[in-house]
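What follows is a short report on a single structure.
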Amino acid sequence: MIGQGEDAMRPVVMHNPRPADQQLVAGLHELGVATVHEAQGRSGLMHPGMRPLLDGAACAGRAVTVLVPPGDNWMIHVACEELRTGDVLVVACTSACTDGMVGDLLATLVAAKGAAGLVIDAGVRDVRQLRLMRLPIWSTAISAQGTVKATPGSVNVPVVCAGALVQPGDIVVADDDGVVVVPSASAGAVLEAARERAAREEQARARMQAGGPALGASPAMLQRLRELGVAWNELEPR
Amino acid sequence: MIGQGEDAMRPVVMHNPRPADQQLVAGLHELGVATVHEAQGRSGLMHPGMRPLLDGAACAGRAVTVLVPPGDNWMIHVACEELRTGDVLVVACTSACTDGMVGDLLATLVAAKGAAGLVIDAGVRDVRQLRLMRLPIWSTAISAQGTVKATPGSVNVPVVCAGALVQPGDIVVADDDGVVVVPSASAGAVLEAARERAAREEQARARMQAGGPALGASPAMLQRLRELGVAWNELEPR
Amino acid sequence: MIGQGEDAMRPVVMHNPRPADQQLVAGLHELGVATVHEAQGRSGLMHPGMRPLLDGAACAGRAVTVLVPPGDNWMIHVACEELRTGDVLVVACTSACTDGMVGDLLATLVAAKGAAGLVIDAGVRDVRQLRLMRLPIWSTAISAQGTVKATPGSVNVPVVCAGALVQPGDIVVADDDGVVVVPSASAGAVLEAARERAAREEQARARMQAGGPALGASPAMLQRLRELGVAWNELEPR
Amino acid sequence: MIGQGEDAMRPVVMHNPRPADQQLVAGLHELGVATVHEAQGRSGLMHPGMRPLLDGAACAGRAVTVLVPPGDNWMIHVACEELRTGDVLVVACTSACTDGMVGDLLATLVAAKGAAGLVIDAGVRDVRQLRLMRLPIWSTAISAQGTVKATPGSVNVPVVCAGALVQPGDIVVADDDGVVVVPSASAGAVLEAARERAAREEQARARMQAGGPALGASPAMLQRLRELGVAWNELEPR
Amino acid sequence: MIGQGEDAMRPVVMHNPRPADQQLVAGLHELGVATVHEAQGRSGLMHPGMRPLLDGAACAGRAVTVLVPPGDNWMIHVACEELRTGDVLVVACTSACTDGMVGDLLATLVAAKGAAGLVIDAGVRDVRQLRLMRLPIWSTAISAQGTVKATPGSVNVPVVCAGALVQPGDIVVADDDGVVVVPSASAGAVLEAARERAAREEQARARMQAGGPALGASPAMLQRLRELGVAWNELEPR
Amino acid sequence: MIGQGEDAMRPVVMHNPRPADQQLVAGLHELGVATVHEAQGRSGLMHPGMRPLLDGAACAGRAVTVLVPPGDNWMIHVACEELRTGDVLVVACTSACTDGMVGDLLATLVAAKGAAGLVIDAGVRDVRQLRLMRLPIWSTAISAQGTVKATPGSVNVPVVCAGALVQPGDIVVADDDGVVVVPSASAGAVLEAARERAAREEQARARMQAGGPALGASPAMLQRLRELGVAWNELEPR
């Protein structure tokens, strides 16, 4: 979680009028989580407990963040009012929570707002209905456990969600490999680096299909391993 | 686990001749875990580690409980003799266990008895065959680890299964959201409350599809947030 | 959790005027968790995540139970009003929670009521001060994370705490080995069985100090192992 | 992990020219993990955190092992050069790691070598593409987290992978139930025992389909339970 | 972890010449983690897996941050060069790691620099010697597992450490209750709020020692519970 | 676990008449776990969940191994008969188990045999008494949960204990940092390498006490970081 210091001393709902650059969003979406994560220096990745509700789910969009207390989904309702078409709603909790904070009603609203997806460091419920809806969802739990609407939180403040810092307006990219966060200011540079990486990987793929060797077994790399002390031997029969 | 005190000082197999009220069972089944859980005051839910073997699985029925030592499935064999059509077999262990206590043979027997489902706070195995069978199964693990038949346990005693108390004869409801336990004495009242809740949710769904606001963002609730100190502001560009 | 069914549909504070039998409490306290747990058929034990704040802590007393939502300690305040001298306050949450629900203020009150101890399936904080106080405490976490006072719960209802069912009025025994729960109705029989076990163990201790053999290596047991297929061999040099 | 003692004092790549007996491999593959595990005395099973990337995946083959530092996939590249048709690549780490050590490029190479499968006690990434490939994969995590190529490890040394010892040349069998390891020297005896077990289970299946009783509820076993102190009673109405 | 976007695309060592305000540091240190955390709106707390190596340890100081790959402690060596008297070294990993990244040699250097403490989201080793040294240490693991010096990371960049955002120059406060992070810009306001809270708690302590009632059981709060539907009843004998 | 293949198809008790070289044992004991682990190539370490019951505990000795089913301590009784003065009893389970498999009676016997210590990948109980005894103990849990004596296991077979392979006769070294296993055949070479490492560390310690730089911040290493792309910059005020 986050919202540290003086800013966190009073809950707040921030309105973020700045849209994301849709070309950057589309480009990052197409390249996918693993490539984008590599392109920005192996940073910005949520931890592997954040999983999609459905295999094959993928989305990208501007982050609308919300920070809620454990077991209380009130501010998620409020955050929905800040959603615009193409946004990704990012839910973080002030302490670890697996309760089912979003069910089919809230998900219906998130979808009605035109959101691109939902990323929540807590549980979801009504998953049969959620899977039938078009909304891509990533969560750290599935649980029917109900929540209350009793305690305020904050909307569009910086949060730590599943171990990654998310600033409101960041671009969130999510697919089968997990969820990665790209700061809006660097999204252009990250996209460019990601495209270069993807091009290089395309070449490597042909070499792999032909039987290699992989980069780490190239003559230069094998030579380096020998310098580092690795020996090659024949295995004796046991 | 459970079976505390004097009752637990000697293992026992209890025969429960009282059937469940099939109309109550059918009604609770139709409403599903999340709604039933809410209707009984957000209680009776097993923890989120209890997951279905197949997406879309759902069942409800009278609980036949069995309490076994870790790594020993003997008493599950005995418990099968107490199963009647429509029952749900609920397996709890005296300490944490992931071993594959039920495989295709036992599952075949459970299905042959006409049971509605199996809920086990341990592992299952032969999962390819289990998925091909018609029996809905919830477990906290998948593991090929074999078990012994060496130490007694008890059948149809109160147990704690995945964090929820289950009395023999309780109604167990299970679906994609997890597993909830309804005491038989209160099943009627719970069903009524669940139906009322489902009706209210149906109305809310239309409002969500129209773009909200959600309950927590209604004018009254927003006013309450302001009284609790929440401020609304515009986000400054970074 | 617990408080299932109709009873759970409305939060309630139950007053329990029946004191525990102090001779039973004293006897169970003296024998300790491991022996009491064995004497009641290896039942009633909380899971091993429930640990004492200080090595050497031990207590026993009548359970006053409280069930609270995650992140909300309001009802613990209310439960303190039900504490009598010698009681053990048992706190359970409706879903998993590590927040610091009890700090030095609440602990000071629990101690002022003359309680024998505190058992909480959540976190505690101000642990430096807690360790300086005389109150024995068992918890599943240590965390400074603060909580709210916003949502009701129930006092003196049956709860599942760290995997064990606790009824109000049960006798709770806690020491370095963990926490065990003894139903009041069977406490006399459990105490008697525990004393017999302790006496037998005293004899065995002398045999162990003399170098054994342990029970499982007695001639009869070794013979049984041979019948079960165990072989004795010399290890070959590798 | 492994490679203890003097052997581990210098990293090494061992070449293993001895193929597996393909008839043994085929036989063990057909019988599956649960039966093979039982047939070799309930041993050799990886822990249940090792899961297939796709339901229904199954493979068997000669183990080519590789031991890598956390966050470093260099030696997996080198290990690929030791893969022959039908092999299973087994990746172990020197300490716990969930990073995405294998992605679609490495998996393409593993498949191009004709490997039967991949078993990795760490994460994989590019899982959408991996699921489209024909290569069966078992892993303990899914993560986009990238890795480096900086530190040597060893190929075809004994490793502990997900709690199971794997010697190079062992036969690895994997399916929906997990992964089991069979030492090559005993594979023939294990296969024979597994076939006997499978035949016995086939007979038992017919009895289960007819409604039992299961072995543990046979007259002799029920008699044994009575001798062990189990009582049979009628449940009183509550 | 962190260092997202373009900034993260190249590793960097930042020199931070701005000292912390030592009066603020001393004030926050004296008030302790739980009070400071409350005073800044229950924010900035690391998760409860971050524990002190010794009971009673406490420190506060300016954060010098370092972000390292799992299993690689090279950059911690580099970060030591940025330590000034009174600083707290904060170590975060790019993915989960329990390896023993700091042992007695590095700890000796950290102490020699006059650092106030060490906070590491990974393991430490040589703990017997570490406990004999004067340096307060918080870690998420104890492990002898050795690490390499092969891959760069960054020093004095924003990091997520044990779930909390730490900016270089933030004030870190740590004691038996865990670790909390206070942004330098708001440290004055947080200190003031913390002092007010501590004063209020002092008054409450006297009331608790006198037997209460606690705030949540004040007449007004009990009335509010009644309005929320809580009932008071006598427990029936079972 | 272990004891794979044909050897595992029948339980066995192996007698190991070969004593350990007491000079090697004493030397490894003196150098400690972290140094020995490094000296044998960062191998042989149990995972960090294996913790000493008492701070400051340390031991080394010849491994007597025992493999038991979960919840069953029968074979530990049998293994005690194989203990000689100076041995370390190493207990592994066939699947994950936290039950209290060893209490004060068994520990008394282990101590009476003159064993140097006990290492168990499961729980212990009677910990107050265990702490009063002289026997150093490492375990992965503390639990009062009782066990049965119903199912055979094996003594002095290879086992995987807390992720490390242990062969009977290996030298086990344990202290505050955890537990490491040294194969007897390589113990001499490992000891020599460990002594060399300890001597080098002694020199480094003086440099650290003088304020460094640490090895990773030596001029050559800093130059290497620059070649790898690390930049040095001044932090801008926020």
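Which chain is which? They are A, B, C, D, E and F, in the order written, and residues in each are numbered from 1.
Note that in this section a contact is a pair of C-beta atoms (placed from the backbone, for glycine too) under 8 Å apart; a residue touches a chain by one contact, two chains touch by 3 or more.
These numbers come from a predicted model, not from an experiment.
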Any chain that touches chain D and chain A: B, E
Counterpart interface for A-D, drawn from E-F, D-E or B-F and sharing over half of its contact pairs: E-F
Cα-centroid distance, chain C relative to chain F, in whole angstrom: 31
Centre-to-centre distance between chain C and chain B (centres being mean Cα positions), rounded to whole Å: 26
Sites on chain A at which at least two other chains make contact: 10-11, 42, 45, 47, 94-96, 98, 143, 145, 151, 185
Graph class of chain-chain contacts, one of line, ring, star, complete, other: other
Interchain contacts (touch definition) - all pairs: A-B, A-C, A-D, A-E, B-C, B-D, B-F, C-E, C-F, D-E, D-F, E-F
Residue numbers on chain B that touch chain A, as the complex places them: 32-34, 37-38, 42, 45, 47-48, 51, 55-56, 175-178, 180, 201, 204-205, 208-217, 221-222, 225, 228-235, 237-238
Contacting residues of chain F [partner chain D, same complex]: 1-11, 39-45, 47, 94-96, 158, 160, 163-165, 170, 181-183, 185-187, 189-190, 193
Residues of chain D that touch chain E when the two form their complex: 69-72, 94-99, 143, 145, 148, 150-151
Chain A contact footprint on chain D (complex, rising order): 10-18, 73-78, 80-81, 98, 100, 103-106, 108-109, 112-113, 123, 125-128, 131, 141-146, 149, 151-152, 154, 156, 167-169, 185
